[in-house]
Amino acid sequence: MTVKVGVIGTGSIGAEHVRRLAQQVSGAEVTAVFDVDRERAIEVGAPVGAAVHFAAHDVIDDPAVDAVLIASPGDLHAEQVLACLAAGKPVLCEKPLATTAESALKVVEAEAAHGRSLVRVGFMRRHDFGYRQVKAVLDGGGIGEPLLMHCVHRNASAPSWFTSEMSLTDSVVHEIDAARWLLGAEIVAATVVAVKSSPLAGGLRDPQIVILETAGGVVIEVESFVNCQYGYEVRCEVVGSTGTVSLDTPSTGAVTRSGGRTQPLPDDWRTRFGQAYLDELQAWVDGRPGGATAWDGYAATAVAEACLRSLATGARSTVALADAPTGSPQ
Amino acid sequence: MTVKVGVIGTGSIGAEHVRRLAQQVSGAEVTAVFDVDRERAIEVGAPVGAAVHFAAHDVIDDPAVDAVLIASPGDLHAEQVLACLAAGKPVLCEKPLATTAESALKVVEAEAAHGRSLVRVGFMRRHDFGYRQVKAVLDGGGIGEPLLMHCVHRNASAPSWFTSEMSLTDSVVHEIDAARWLLGAEIVAATVVAVKSSPLAGGLRDPQIVILETAGGVVIEVESFVNCQYGYEVRCEVVGSTGTVSLDTPSTGAVTRSGGRTQPLPDDWRTRFGQAYLDELQAWVDGRPGGATAWDGYAATAVAEACLRSLATGARSTVALADAPTGSPQ
Amino acid sequence: MTVKVGVIGTGSIGAEHVRRLAQQVSGAEVTAVFDVDRERAIEVGAPVGAAVHFAAHDVIDDPAVDAVLIASPGDLHAEQVLACLAAGKPVLCEKPLATTAESALKVVEAEAAHGRSLVRVGFMRRHDFGYRQVKAVLDGGGIGEPLLMHCVHRNASAPSWFTSEMSLTDSVVHEIDAARWLLGAEIVAATVVAVKSSPLAGGLRDPQIVILETAGGVVIEVESFVNCQYGYEVRCEVVGSTGTVSLDTPSTGAVTRSGGRTQPLPDDWRTRFGQAYLDELQAWVDGRPGGATAWDGYAATAVAEACLRSLATGARSTVALADAPTGSPQ
Amino acid sequence: MTVKVGVIGTGSIGAEHVRRLAQQVSGAEVTAVFDVDRERAIEVGAPVGAAVHFAAHDVIDDPAVDAVLIASPGDLHAEQVLACLAAGKPVLCEKPLATTAESALKVVEAEAAHGRSLVRVGFMRRHDFGYRQVKAVLDGGGIGEPLLMHCVHRNASAPSWFTSEMSLTDSVVHEIDAARWLLGAEIVAATVVAVKSSPLAGGLRDPQIVILETAGGVVIEVESFVNCQYGYEVRCEVVGSTGTVSLDTPSTGAVTRSGGRTQPLPDDWRTRFGQAYLDELQAWVDGRPGGATAWDGYAATAVAEACLRSLATGARSTVALADAPTGSPQ
């Protein structure tokens, strides 16, 4: 019983998904691909025997496609996910679900109208072993009542086209989803704090600190630093009424040489979250519950929008979520 | 060449200072003490052969006293330090130097008028081995240009008379001084962020997050949690343009038993900073440079006042420092 | 191109392999199983659609079986592997390859006669991320010339039928293989050191220390403790002429509560090495090079035999390996 | 009540002791010194106001000397300690107490005859905070019954005159004393295991592994590596029937830069054990109980002798301790 997957977008992350689906995920094959760069699509799709289509919608409508993975540019996501819903096919959409809360909400509503849970959003951290350990401690009451959370999200360097806004919509959005998931609570306000920028950040506002607040008053403080120079680092600490639980950089050992004892760091998110991506795909192909829903994708986008407003104005910005549609398959 | 020290205030911390001066500091003896609780003063002073006076000023004026250590209640500090200056005697004043910036400034001005550096303020972290390692890395350019700083300051539990304000003036004030010292920069603004309070905090606003800003735009984010239940923890991480440096809880080993590998935590600040207190006293008795000056005490109090204003109003509060007096022995 | 795998032995570890092959390994299916406990074989094989045979050799000879995984009792391994070689089918044999060096050597010779590399031995640590990091540091010259190695191998508790000998042949044998692989050198002598036994070890000699020596004089010191009570722990440190590299218990975070900061430990080898087992299977199914060969299985068994002799006599015991057969597909 | 200390030997370690006694230890002063290098003695003794004598015995006999610290070459220790006993003066003797067990025993007997506990041996680790934490866990039953112990003792590099024997008598002797103290048991046998020597060890047998055994069967495995190149490292792990306790390199933080997260290491024993030396001196001057006795010094020397025999013969060597003299002030 093999799931035939069509992949839209075969750039960096799309190509990695194709490779994983073809070589590492049990019970999956990639039967169709599309990319605006047709040569790239052929380069990625041909070795795994996938048909290379001329349009995204041809992938969605291909009868040899059971389920669709979307790794196209973010501003195309919402429309493509809606097309998958129209075709009644399960879809795993790389984050973001949409670039505006308004269009993300349309996806939520369309899925609710459809009546089946067909949409998953690629917040891969929910599948990371370390994050799951944190979640288990929280759910088991291991630190009492969560009160606040510290998060660090650092990349060695950002590409030249990266913007201060993308630090919020592309990086911090992961902390937004992780915090909602770990705490089981919606975020109702966001404040971006002005910080001195690194002289190596190419004119970006970088690092940035974001203060998020849940309805219940839990505060999530996030540092995003996309040009930290030294490596990739994602950490968090949840502070509860009786203890704390932390996600640290995974470590399996160290090298001691002149200068000290050094634990290596991952180069980038591919290394750090490679296993999480794989587990995400396997769970999706298996049809197992879990993973971020359309609602999660909508909520994350809505909070990211509040961050953008705060960045622009310097003031705290509130998040007004729509009511979840009746029958919404959260 | 023994330094004869008079100690004003023989409560918890004063008594420990007396014990250290009498038993652990080389070249010091305690010749006079005073406390409003005379029985307590006798209990502490008699075993070390100190005269037990009836007033703080008797200690200051005692010809058998070369230098004065002030560990009385904070609202008496400024006036007692001024008396020491008037007597021309070196004084080590437990923090705070004063409970208002206005009165702290008077001390700065009086010392400047006097023309000699006679005042030290008991910010003992400047003598902690871990903090000094952080300082050495920063001063050596080891992380490039400092951009932001994360701080955590947790106590197992606060006494019943502790207030939300004291979490700022008594706890966060240590981070205020440490950040000024580590970064070599004045703090110009403070914002207290409302956080959900622990149900175990006895009605306090606890934990609290404070955002401090330096003139150069470096942001210092501080968590103060005085009822964290589990132990005493002081940590910080300075994030620079090319790397980071952290102060972690000192560790010398671990116990592995069913459940995992556990590194013990200190019970309280006495355990965590006992050696720093001792080194502070030895440096003071030796007359070595270093340690917090009257100006440092003034600046810390001024920033703490801004924190109190922000706590009351919910808004960001700026810090307006006076000009340092000409001839001020910073 | 699915690889059809037959599995001989569906006990604890065999059943896990069946599950992984059926659900997690890409490009594999389990088409046939056998176990002496036929009910167990049906219980494990039926859900994945495998034929349940009445004899191990029926699995090997089944035309619907491309490759064989052997997870039967160790004393049956050699004969079953030889049957696979006779049938010309690739075989992944759980350790040990054989219970005597003599019979392991027969496998080596049979494979050499066959002329193709068909045998892999299930030393899964070679696929563990942490061990691979250690190997990369060593191969990259990161610690200079390796001189000695410390190893710790602890299990919470051993089953009642476990013996002092099995601590060497079943536990230490993993360190034997890991050391040979990491150091790229054969082990030429073994000494078992008598240690006080734990009162909780049920009469076993437990813990034990084993001293292994390579031809080049590198010493590997191994602690095996199969009733340590608290969890599962595998660590090692290789000491080189300019530095050291360690494999520690993988860590992704910690919980801080009253008593300290605790990093959890895995319960057992299933948790600790689950991912390594999966990667081992995927590599085998993919036909990728790497993994332990028949020669590795032979050498490990020969060293384990030397350990047994030393345990019996109390004296150092040398290892005399046969010459590798010409054409041996190491 | 100042203790007047005479110091015999003002070389590297002796000069540091003089400095500590004069500047950091409360209640002590250095009133007399001697060194065969008279210029050196003047250089060290003059600044602290000590008389500079022409012979070691002049220090011992000086009426202005209450207690003697011996930091002369090891082969002079026993005779000088005996002279202190004859003079009835407390003496702190740097390790070793004597270079032969025979002469160390004479000190034990002389002290017993004298009837007062006057001798302390400078095994400073007993005063180290980390070791004391290990001791507290062991004494509190925190890991059940101790069964074995792993120790690592590494120096960046040894001076040119260092020998393979000194790695045992000068380095491993610290582990010998620490193990006896932590375990509360005598060591009855020693085996030196031949290990490949580092090409950077200048012809020494380096590293070496030593296996020590207590009467109760506890095994202590010690790595001594005096040319490890990278820094100073002393660690140990005691394995008990229900858990383990470790002494790690003390850590107060880390620097993260390209390449990873690095915890610094101490350069040498002066840095690592500076505080322990100070606490040792303060405890001695205070006349507090604790610290290694003459018997401890004798036992350590006897075990070190067994190590030397094993190094020479390659065989296990037993330790035959004399009976403790009646009235011996252990």
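By letter and in written order, the chains are A, B, C and D; residue numbering begins at 1 in each of them.
Methods note: a residue touches a chain if its C-beta (ideal position, glycine included) is under 8 Å from a C-beta of that chain, and two chains touch if they have at least 3 such contacts.
Because the structure is a prediction, the values reported are computed rather than measured.
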item: Chain labels contacting subunit B and also subunit C; value: A, D
item: Longest centre-to-centre distance from subunit B, chain (CA-based); value: C
item: Centre-of-Cα separation between subunit D and subunit A, whole angstrom; value: 57
item: Between subunit C and subunit D, centroid-to-centroid distance (C-alpha), Å; value: 43
item: Where subunit A and subunit C are represented by their mean Cα positions, the distance between them in whole Å; value: 37
item: Contacts with 2+ other chains: residues of subunit D; value: 229-230, 242-244, 256-258, 264
item: Complex interface listing, subunit C residues touching subunit B; value: 229-231, 233, 249, 256-265
item: Contact set on subunit A toward subunit C in their complex; value: 22-28, 129-130, 133-134, 137, 142-143, 242-248, 250-258, 264, 275, 282, 286
item: Interfacial residue positions of subunit C with respect to subunit D in the complex; value: 144-145, 147-148, 150, 152, 193-200, 207, 209, 211, 216-219, 221, 223, 225, 228-230, 239, 241-244
